[in-house]
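This is the structure I want to talk about, given as structure tokens.
Letters A, B, C, D, E, F, G and H name the chains as they come in the text, with residue numbers starting at 1 for each one.
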Amino acid sequence: MEDKIQKLLASVARGKVTVEQALEELKELPFQDLTHTKIDHHRKLRKGMEEVLFGQGKSLDQMTEVIRSMKKKGTDVLVTRLDKATGLKLKKRFPEGDYSEPGRCFMIKKDHSIRGKGMILIISAGTSDIPVAEEAYVTSTFFGNETERLYDVGVAGIHRLFQNMALLRKARAVIVAAGMEGALPSIVAGVVGAPVIGVPTSIGYGTSFGGVSALLTMLNSCSTVAAFNIDNGFGAAYFATLINRL
Amino acid sequence: MEDKIQKLLASVARGKVTVEQALEELKELPFQDLTHTKIDHHRKLRKGMEEVLFGQGKSLDQMTEVIRSMKKKGTDVLVTRLDKATGLKLKKRFPEGDYSEPGRCFMIKKDHSIRGKGMILIISAGTSDIPVAEEAYVTSTFFGNETERLYDVGVAGIHRLFQNMALLRKARAVIVAAGMEGALPSIVAGVVGAPVIGVPTSIGYGTSFGGVSALLTMLNSCSTVAAFNIDNGFGAAYFATLINRL
Amino acid sequence: MEDKIQKLLASVARGKVTVEQALEELKELPFQDLTHTKIDHHRKLRKGMEEVLFGQGKSLDQMTEVIRSMKKKGTDVLVTRLDKATGLKLKKRFPEGDYSEPGRCFMIKKDHSIRGKGMILIISAGTSDIPVAEEAYVTSTFFGNETERLYDVGVAGIHRLFQNMALLRKARAVIVAAGMEGALPSIVAGVVGAPVIGVPTSIGYGTSFGGVSALLTMLNSCSTVAAFNIDNGFGAAYFATLINRL
Amino acid sequence: MEDKIQKLLASVARGKVTVEQALEELKELPFQDLTHTKIDHHRKLRKGMEEVLFGQGKSLDQMTEVIRSMKKKGTDVLVTRLDKATGLKLKKRFPEGDYSEPGRCFMIKKDHSIRGKGMILIISAGTSDIPVAEEAYVTSTFFGNETERLYDVGVAGIHRLFQNMALLRKARAVIVAAGMEGALPSIVAGVVGAPVIGVPTSIGYGTSFGGVSALLTMLNSCSTVAAFNIDNGFGAAYFATLINRL
Amino acid sequence: MEDKIQKLLASVARGKVTVEQALEELKELPFQDLTHTKIDHHRKLRKGMEEVLFGQGKSLDQMTEVIRSMKKKGTDVLVTRLDKATGLKLKKRFPEGDYSEPGRCFMIKKDHSIRGKGMILIISAGTSDIPVAEEAYVTSTFFGNETERLYDVGVAGIHRLFQNMALLRKARAVIVAAGMEGALPSIVAGVVGAPVIGVPTSIGYGTSFGGVSALLTMLNSCSTVAAFNIDNGFGAAYFATLINRL
Amino acid sequence: MEDKIQKLLASVARGKVTVEQALEELKELPFQDLTHTKIDHHRKLRKGMEEVLFGQGKSLDQMTEVIRSMKKKGTDVLVTRLDKATGLKLKKRFPEGDYSEPGRCFMIKKDHSIRGKGMILIISAGTSDIPVAEEAYVTSTFFGNETERLYDVGVAGIHRLFQNMALLRKARAVIVAAGMEGALPSIVAGVVGAPVIGVPTSIGYGTSFGGVSALLTMLNSCSTVAAFNIDNGFGAAYFATLINRL
Amino acid sequence: MEDKIQKLLASVARGKVTVEQALEELKELPFQDLTHTKIDHHRKLRKGMEEVLFGQGKSLDQMTEVIRSMKKKGTDVLVTRLDKATGLKLKKRFPEGDYSEPGRCFMIKKDHSIRGKGMILIISAGTSDIPVAEEAYVTSTFFGNETERLYDVGVAGIHRLFQNMALLRKARAVIVAAGMEGALPSIVAGVVGAPVIGVPTSIGYGTSFGGVSALLTMLNSCSTVAAFNIDNGFGAAYFATLINRL
Amino acid sequence: MEDKIQKLLASVARGKVTVEQALEELKELPFQDLTHTKIDHHRKLRKGMEEVLFGQGKSLDQMTEVIRSMKKKGTDVLVTRLDKATGLKLKKRFPEGDYSEPGRCFMIKKDHSIRGKGMILIISAGTSDIPVAEEAYVTSTFFGNETERLYDVGVAGIHRLFQNMALLRKARAVIVAAGMEGALPSIVAGVVGAPVIGVPTSIGYGTSFGGVSALLTMLNSCSTVAAFNIDNGFGAAYFATLINRL
């Protein structure tokens, strides 16, 4: 693309192409390529954030191919939503990588520099919410954030939350994964000053409606909670990373 | 009904009716009347609880007529779901009664004996939830329970809840009215040993879906909360009364 | 925590720390620990109720570990939502325990004292609702309540309900599990004076929507029914226990 | 249409048109007109049932025009879903007609012959359900059925239902209008042998969802209940009429 | 029960019990037994209709036991919602019975008398709706109705419906099973005078929402259609039987 | 924008700017302006279609201003979703325009050339669906399509549909507006070869859920129907216009 | 049918039957057969479009039978919604056919003439949406349309969409398959003049609700998008074919 | 509270109270007061953010009272969700305040210091979404953020979005208010690196379901968007403020 424009400009400079002709030709050049270049340029500014692969529904070979091409480019790579069997197979193919069973993620990470300004705290309400919290944890770590975990501090163990106020206050952003009634993000947002990001989980039965009950609680929170899709630990951590780099 | 049976038995005793004939006749007697008598007898055991009129959608004259017939029988009467205008008109017609504007109820109560064994505590999360809480309060009082109120102690003012632990612990049953996210009943049930009854209110906007979000929170509570229909302060207080008379 | 405060007070008593210094230090002590102590104290007042494990989604080893630590502390333990295979494995590891196949629960119970004041009656509408009713039955028994069962008395066999009026009237609290249209709790609440707790079950097809239809019936009951989440036999029995200990 | 075919056949008879030409021409004749004739013929077999006007959303003048054209044809007419003001205006324009305020219907009925074989019984659960029940009552009467009413026999007054077993058993079809939890049709279907038609009403609040809760109860009934749309008293009575004429 | 009353009456006749004592004793006799007798008496009037077993979720042994007890009493029996494997096993245990694979029903039927007054017509929209239609067909046959079938006449083959107008007009009641958009019952009700009963089926994908779309179509039909629960072929045929015996 | 590029190219031509500098400068030029130009150019290709104003929620003055600016540019203008009062006021301000009361639209149209290749047929199921059908009619006319109407041909008057097969077959695209059960588009699509566009209307009550029932019917149609949002007559006509210009 | 009429007309011509008798007989002839003929005639006009089999839920033998009968008639045949195993078995039985694994379709196509006037473009938002897009692709090809594909151009790769503007503009109709948020059809409709048909896919998790979220986006599009049922790639391609033949 | 502890410590210092007694007394002191103090202290750290009044449903006098007490304390005050009439009355009572009609907010603001580190950009998709965007704008300004607006840049005017890339890139946080299909936040998040906060608005009709469609789009966004409740412009701006102060 740049080549084409450069050639055109050179022709203008050499008088081989008039200004009018060049203008017409420029208009005909697929603008979208320009657009692409610009967007791409912008993307590079937040480089490292885009090499993430949503693993669910992709074959082992498809993923292997993508990972290989990323390795060639020298970029780190994170694959999310992997069942254990597939995760271990990836680990076998790429022994330098790590598979997180609780977080259902595989990653190859060479750049271990810390790029976020503060600490991101990941909280889970119950033990069943841990997979979603771990997806957030692995993602946050992958993106170079100092990340801490505080698990199983929901309603039944709310005192454990209060016992860790120091940790809570230290956080620059807090992610709270909660299923069932999903009230924990509200409670956390009531006691900390940092932005709180709620991730409803699909944990529960009956009227939990696969996480809808928890999601509604977060959307209707009297405190201020930003909500993400059910089980979307990755999205929450990505968003927290954006905040933490500000 | 009893008369009929008595006459029949007397005829048997006097030999005018054979045992077989009497048996057949007994079978033919409308069983439902017997049923009715029995049920009625049972109802009287919890007398005072049934003279309640759901006011919404009834005309002033319809209500006046019912109240008059109750007055003749000497029973107390409670009318719920009354707008202010109708409530004041009832007050004019029955000056011995009281209209509660916040609770939207009118009642004529002469029997002021306390019939519950302990205290019923009515909690509201926000000021907007007070009408529902007041309906519960008026109902609980009407049914002869010692009743206390603790309002506006929701997430934004949760410390006020904890400042009243003594009151909370004194309660034999707790009713919590909450809209929006509806998390307060869960929190209360986490800190008291008395049964907690949750009443979702229709307060909120958007995804509160007129109280559905709050209801789902209560149904999915990790603590143990018994749920009632949206805005049903009366039902919750009636249920608490049943508990308080045990 | 108590140690710290005790030392501080001792220092005050010995004049090594001034009142002002002690006050500042007290303020700095993590209040949540104090909170925790208080809540914990409160929890002990209703001890025996908290050693319950939601088995669904937990591994055999996780459960084994928790049960062992509870055994060491000498407390009884109840595990709910167990499939048969897992239940029998637990029974093998802890032969002193009992696995209830219909109620899908495992429990080790040494303290067989009756701690509730009256009888809790568990009713099921149909035979398909029995697993939920049995979860309530096992839970109620575990918590030391005299507990009776009356199964399969729904619409098709409603006369069996009426044939057991004596049992119904004896109950201090009634739990009714019903799927499909879920009308039985309403009918029961219409004929008894004790509080009635409705548990919708996920039994049905089509527009039963996995128990939602039954739940709505209970929430909209013209009688007074307290509703719990779909299939939540445990929660209903826990709530009935709270009532029965009043 | 018949004219055209007659002429064609006459031409064939007179040899002016060949069989082949006639066949082609017959095929070209808009078949739908034939269809129409047939359907129309069929419709006449159940004449009297079709002159019903859904009044809601129609202007007074529109309705007046239709009624006038019907009067000219000498057919009876029923207009449903009329508010009081419009109903009284129609009454003024057609003094020979009757406006039913509770049923929100206007009708001009000259043919008072009874055309159904038995009695149709209309039951309402509560007083608030009466408008829907009355729409069914007026409709049933309009279509020439002997019709009886039994109102306000819902859960709170279920003994009144049983006191009227004789009436219930006499019915050839039973229509039950019920809002809130909508359980009455099930109960009725459990005690009568006649077909029971349930009409959920929009009466209720909160989770009654404008009649949806009642409708679900009817659809999930363990007894056998045929369900109609919320508030559709007309449809239920029309259907009962079809049954009653069998 | 009758024994008890007979003895009591005999004692009255013999002067061993006074009228007053007898009256008291009668009141104490569980009224529900009387109720039961009455209901039972009523049930016998429509005998043959109640020996139906909902097979889904019941074990082979449970069903075997029930069938055996019915056989002893000499009554016919129908078991619905049976998968093929279970159906064939029942057939092996009771070789005199018949298993309908398309209708997923097993029945032992000795009384082959026709008890309905006319013919019941079962229509299916598509081939996928046939299982539901067959459940209705088997049920209708079981209850002694002359029953005809007209399958696969939905929108794509609507002309086949019109080709069978004679059959349609002969029917005393029509059952139409339709999934997807569920419009066929409306169309049928538009062209026949007999009552039309719609059974939405769970056939479809995406926004058919497991039959909800078809159900809504039937409930909102401009023609008059009585609706049953999704896939409830049994209920529709039971209801049609009630009509057909009128 | 073009100016800037022209100047830049001229400088290159004159040797005042090097090729490299020009390339950098071109990259810095806001690409979006180029994008805009391109898109705009594209939009002009289908000029006449974009001057439509969604009137709902806009003030009379806001609309007046937009219409005036359009008049200056000499373009036709259509305003949709106008209540009668506002429509008549617009008519007063712009007497050359026309207000369609049934279609709730106002338009100023000077270019009366026919730009579509065939005829667009607008069908309504009931008289209540006419406002939506009229919105489609006015829109279709505004965009220069030959447009015909066929109203009130729903289930109750389906023979009128068949009587107009000639009209149906002449259409190049058919729009069908239907509320309640919404089955008419399916039926139409079953008998014509032209593309059929369904517009569910919000007409109905109870389970019509404001048009959702009709929408689901169209989405699940066994014939092939393209669906638009509830009451979106404008969108359907716009889409039909795109087809008609192909 | 034609035979009967021909004979009748011949009798009229020969004077054996009077005009009146013939008219009566014509009326008695099953009109639906005429209807059928007409409709069938119409169907033949768009022949080739109707030989499509919805494979899901049909047995291999059922499908084999239908395909054989079609082969005899010499018509092409398309079977949709086939899993891989069944597809390959069909391929074995009919080696002249082709099984598309990504599109889950099997087809035997001998007539390869192009019958559409322009090109149909199939776009997929993500790789997971490809099966639905491929169903549309195979269908569009089967019906004789020149068809192009542009996959994986959703939000994350939106620049690839803009890089293919030439292809987009060439299309006579565009089908866009998109899951998750489903915004791509709107974006496409914003930049092309051809009609855009949106197919929501069931791809996503949590609040995607199996495609409902994507569907709602398409229905509420500010651009003009015609929507089809979730995953209905076939329907969209059928509809696009109708457009492309205009 | 502090007084009590101080006295107790003084008594310990003076030897009047033993360490053990003091410890017991400290445990008895209402822990919640301590809690309150701590939380309050924490709240002050983010002072200025809590003096916000949700105006909807509150009376003019109630609001006046709160505002007066805040004025006495010298704190700024913001009242949201005010209709015009009430807003102007507040302005009359507090002439130093400002009423924003488009944002439906009233505020008294004396502290005009900028407290956020960067700029917050508020984007609206359509003109109808402006009230929600303005609520966010007023709130953001009130909390001391430099705030910019970019309105009416939705799908129909997406080029205006791209024309303002410089502004977009300058933002430290972006709030996007969008109704209907709600796709704009996704598009914005695709082109900027700052965190994007989506606010669905209740603008739309039919299947927009009062903002639910827009909300689902944001929750299912392929880009990363944090979602808030429908119409909750305040919450989004509060959350953006938390981010902007980091």
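Everything below uses one rule, namely that a contact is a pair of C-beta atoms (placed from the backbone, for glycine too) under 8 Å apart; a residue touches a chain by one contact, two chains touch by 3 or more.
These numbers were taken from a predicted model, which means no experiment stands behind them.
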{"item": "Touching subunit E and also subunit G, the following chains", "value": "D, F"}
{"item": "Fewest hops from subunit C to subunit F - one hop per pair of touching chains", "value": "2"}
{"item": "Chain whose mean Cα position lies farthest from subunit C", "value": "F"}
{"item": "Subunit E against subunit C, contact positions shared by both copies (same if over half, else different)", "value": "different"}
{"item": "Listed pair (C-E, C-H or C-D) duplicating the E-G contact set, over half by residue number", "value": "C-E"}
{"item": "Interchain centroid distance [CA atoms averaged], subunit G/subunit H, Å", "value": "51"}
{"item": "Separation of subunit A from subunit H, taking each centre as the mean of its C-alpha atoms, in whole Å", "value": "25"}
{"item": "Centroid distance [mean C-alpha coordinates] between subunit F and subunit D, Å", "value": "39"}
{"item": "Multi-chain contact residues (two or more partners), subunit D", "value": "31, 35, 39, 206-208, 212, 215, 219-220, 229"}
{"item": "All pairs of touching chains, each written as two labels joined by a dash", "value": "A-B, A-C, A-F, A-G, A-H, B-C, B-D, B-E, B-H, C-D, C-E, C-H, D-E, D-F, D-G, E-F, E-G, F-G, F-H, G-H"}
{"item": "Residues of subunit G that touch subunit F when the two form their complex", "value": "38-39, 42, 45-46, 117-118, 169, 172-173, 191-195, 197, 215, 219-220, 224, 226-229, 235, 238-239, 242-243, 246"}
{"item": "Contact footprint of subunit F on subunit A as seen in their complex", "value": "2, 5-6, 9-10, 12-13, 15, 18-19, 22-23, 26-27, 31, 34-35, 37-38"}
{"item": "Subunit E-touching residues of subunit F, taken from the complex the two chains share", "value": "125-126, 154-156, 158, 180-183, 186-187, 190, 204, 206-209, 212-214, 216-223"}
{"item": "Partner subunit D, residues of subunit F touching it in the complex", "value": "127-128, 159, 161-166, 203, 205-208"}
{"item": "In the complex with subunit H, residue positions of subunit F that touch it", "value": "30-33, 35-36, 39-40, 56-58, 200, 202, 210-212, 215, 229-232"}
